[in-house]
Amino acid sequence: MDMAELGRALDNVRTTVPLVHCITNYVTVNDCANALLACGGSPIMSDEPDDVEDITSICGGLVLNIGTLNQRSIEGMRVAGKRAGELGHAIVLDPVGAGASKLRTDTAAELIDTLPVTVVRGNMSEIKTIAGSAAATRGVDVNPDDAVTEDNLAASADFARSLAAKLGAVVAITGAIDIVASADRAVAIRNGVATMGKITGTGCMLTCVAAAYAVANPDDVFGATVAAIAGHGLAGEVAAARMAPADGNGSFRTYLLDAICNMSADQLMAGAKIEEL
Amino acid sequence: MDMAELGRALDNVRTTVPLVHCITNYVTVNDCANALLACGGSPIMSDEPDDVEDITSICGGLVLNIGTLNQRSIEGMRVAGKRAGELGHAIVLDPVGAGASKLRTDTAAELIDTLPVTVVRGNMSEIKTIAGSAAATRGVDVNPDDAVTEDNLAASADFARSLAAKLGAVVAITGAIDIVASADRAVAIRNGVATMGKITGTGCMLTCVAAAYAVANPDDVFGATVAAIAGHGLAGEVAAARMAPADGNGSFRTYLLDAICNMSADQLMAGAKIEEL
Amino acid sequence: MDMAELGRALDNVRTTVPLVHCITNYVTVNDCANALLACGGSPIMSDEPDDVEDITSICGGLVLNIGTLNQRSIEGMRVAGKRAGELGHAIVLDPVGAGASKLRTDTAAELIDTLPVTVVRGNMSEIKTIAGSAAATRGVDVNPDDAVTEDNLAASADFARSLAAKLGAVVAITGAIDIVASADRAVAIRNGVATMGKITGTGCMLTCVAAAYAVANPDDVFGATVAAIAGHGLAGEVAAARMAPADGNGSFRTYLLDAICNMSADQLMAGAKIEEL
């Protein structure tokens, strides 16, 4: 990976201030908005079917996050996604809880099958569910192990590349080791800290930031996604290093936003831990 | 109260990481999720009637918080509550604003009348409304004073025990002095600080934490509820002690989560102020 | 402007603890609730049409914020607004995103046309949209420049006074320079820092705080609005002065709430930068 690309990806976000339309869950929506502002983007939230077409039209990208979905917001995702697709906007899908309920699994499958999704970001269980659904509707059956480890890294990369080829999208599987894949390329990212799992919303925030990166770097969405994910993990490392004995997940949440806000291209290039697979 | 029980209750949460399904208001939902993570549990939020049955099935407990209720989320509470009841899950009801509107009063009454609620937690006005509703539907009329004070402590304990017997649930009345009661037992808890009223959501957070404690300690829900409430008040004391002159309710909110996150069994056993009534 | 008025306006909020019913977007609702508590008020959120009439009846003021509006919450705004109007409550409208979508523009127009709105607060683009809508429905056409600057300050004040006269409401246009106008008076406020734009919700928070000020100072809503806006900008300055090198928008958000919480009448009188126009 050319580290200079990562730095340029970050700088492009800060100089172009991409406006991202988010249809996202109400649990972490405030963190998503502040993370978008921190990374250099600009958020607008709207999920009403009668409102989303106009809103998404003035944006550069669209986030579809199915946490706390409801029938109204699902319809909002359909309408917004169709319009964003017509406009050639970056669409980033976060299949929160796919596999945990039929409605979430079906909704994730519908969105991925009907919309020109640019990036899918989830944990391995969610991405496996996506792959299974693609299998059901496209005749392919994928069944990798659940967590990405050093032992299954090559197989996980194969799975991710294969799914990326099938979906025509960048696939980002985040966890202790993150994998980002396109049809013909995959990298492992080893940034991040376990503390990130002690606050809600790190994944949701990352999805929104990844959308800003995709919008600001349309010629290299793969590289942009790598930059977003490495930067997010690195911000987690910076936040963790700041923790004092009395600090807990409340302070960590604040420090994480601070670190995203203060992240520079130089810092990202020096701290990113990326391996071609 | 055997202090060792309190410490065990806390440790059981941290070692079993109970998954709690929350149908809760959108004002404090982020704080609820982070409080659950801080105490050692794991949150999942879902309120869509078509989604809640699957989601609650994979959890150990269910929180029903009627703040910012709407007709869709009320139906979600009915469906989730029925399923959680069938599965024997802990159900914790937070009747936010019961008494302030007919819809909230009626919804709280319906939920308590139709579901096998395990714990009810609210302030005295909300709990009185619950009791009044029970009265209306079950022929009992309760009318204690509104705030628990040293003067009405014995009467308040009688009221709480009586209501607990009627509901077949643990009743937790929180305020300057907290009361937790089962049919044959009641304690007063004198932890906490007034600053907790200067941030939104301390009650909602506590309800979620209490659900995690109930799930992790199924053999002693009364003791688990006492531990959760004493621990929450103690966390408030720790947070208040950390306040610097420039700090206000923004910092207090962060410190409160930090204190929940860092609370140990030893700290809880040393700091809990519990009196049998 | 008599500075002593500002101080009295602040003290009146702290001594009367106005209860404010907020129908507001789910992105910043937690910040709104904590800002209301910080300034000395008390929040209650409810958007269900079947719930809002009872809830607004027990309050002193109503906030209608159309960010993340949906058909249900719009109906909630109609019902609550009608009842609040009948009761003579202060109604503060925040037309978030008016001009960005037809639904938002139409909803803002409907609310302003049908309800006895007391204060409208928005950025210049939103307020221009309101004015244009008033134009469409009332035969007036206003088209000032978008940002208030030193160069167009007099013209902006004329626009604001004219709109205030048409609407029969206090008009507050916030930005680098804020303008508050009634039919026959306008002031510029030069408090605030650019960092406030790096977190979501400063506008929404201010709208809620302004509602608390209007409720607590019914005899001088103009002065109360000036106090709320100057105080908010001043709190931003205090928060910015507290920023350490590692701090970003996460910490700024916390510091802003802290500063609102700790703001005194003396501090407001000493720091407010107000010019009659």
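Think of it as A, B and C in the order they're written, each chain with its own count starting at 1.
Convention: contacts are C-beta pairs under 8 Å (C-beta built on N, C-alpha and C of every residue); 3 or more make two chains touch, one makes a residue touch a chain.
The structure presented is a predicted model; accordingly, all values stated were derived computationally and were not measured.
Undergrad: When you check each chain against subunit A and subunit B, which touch both of them?
TA: C
Undergrad: For the two copies subunit C and subunit A, is the contact made of the same residues on each side, with over half of the numbers shared, or of different residues?
TA: different
Undergrad: Can you work out the whole-Å distance between the CA centroids of subunit A and subunit C?
TA: Roughly 34 Å, centre to centre.
Undergrad: Round to the nearest whole Å and give the separation of the Cα centres of subunit B and subunit C.
TA: Computed from C-alpha means, the inter-chain centre distance equals 34 Å.
Undergrad: Among the residues of subunit A, which are close enough to touch at least two other chains?
TA: 26, 30, 253-254
Undergrad: Under the definition above, what is the set of subunit B residues touching subunit A in their complex?
TA: Going through subunit B, the ones touching subunit A are 26, 29-30, 33-34, 37-38, 43-48, 50-51, 54-55, 58, 72, 242, 253-262.
Undergrad: If we count contacts the way the header does, which residues on subunit B are in touch with subunit C in the complex?
TA: Residue positions touching the partner: 25-28, 30-31, 67-71, 97, 100-104, 197-201, 246-251, 253-254.
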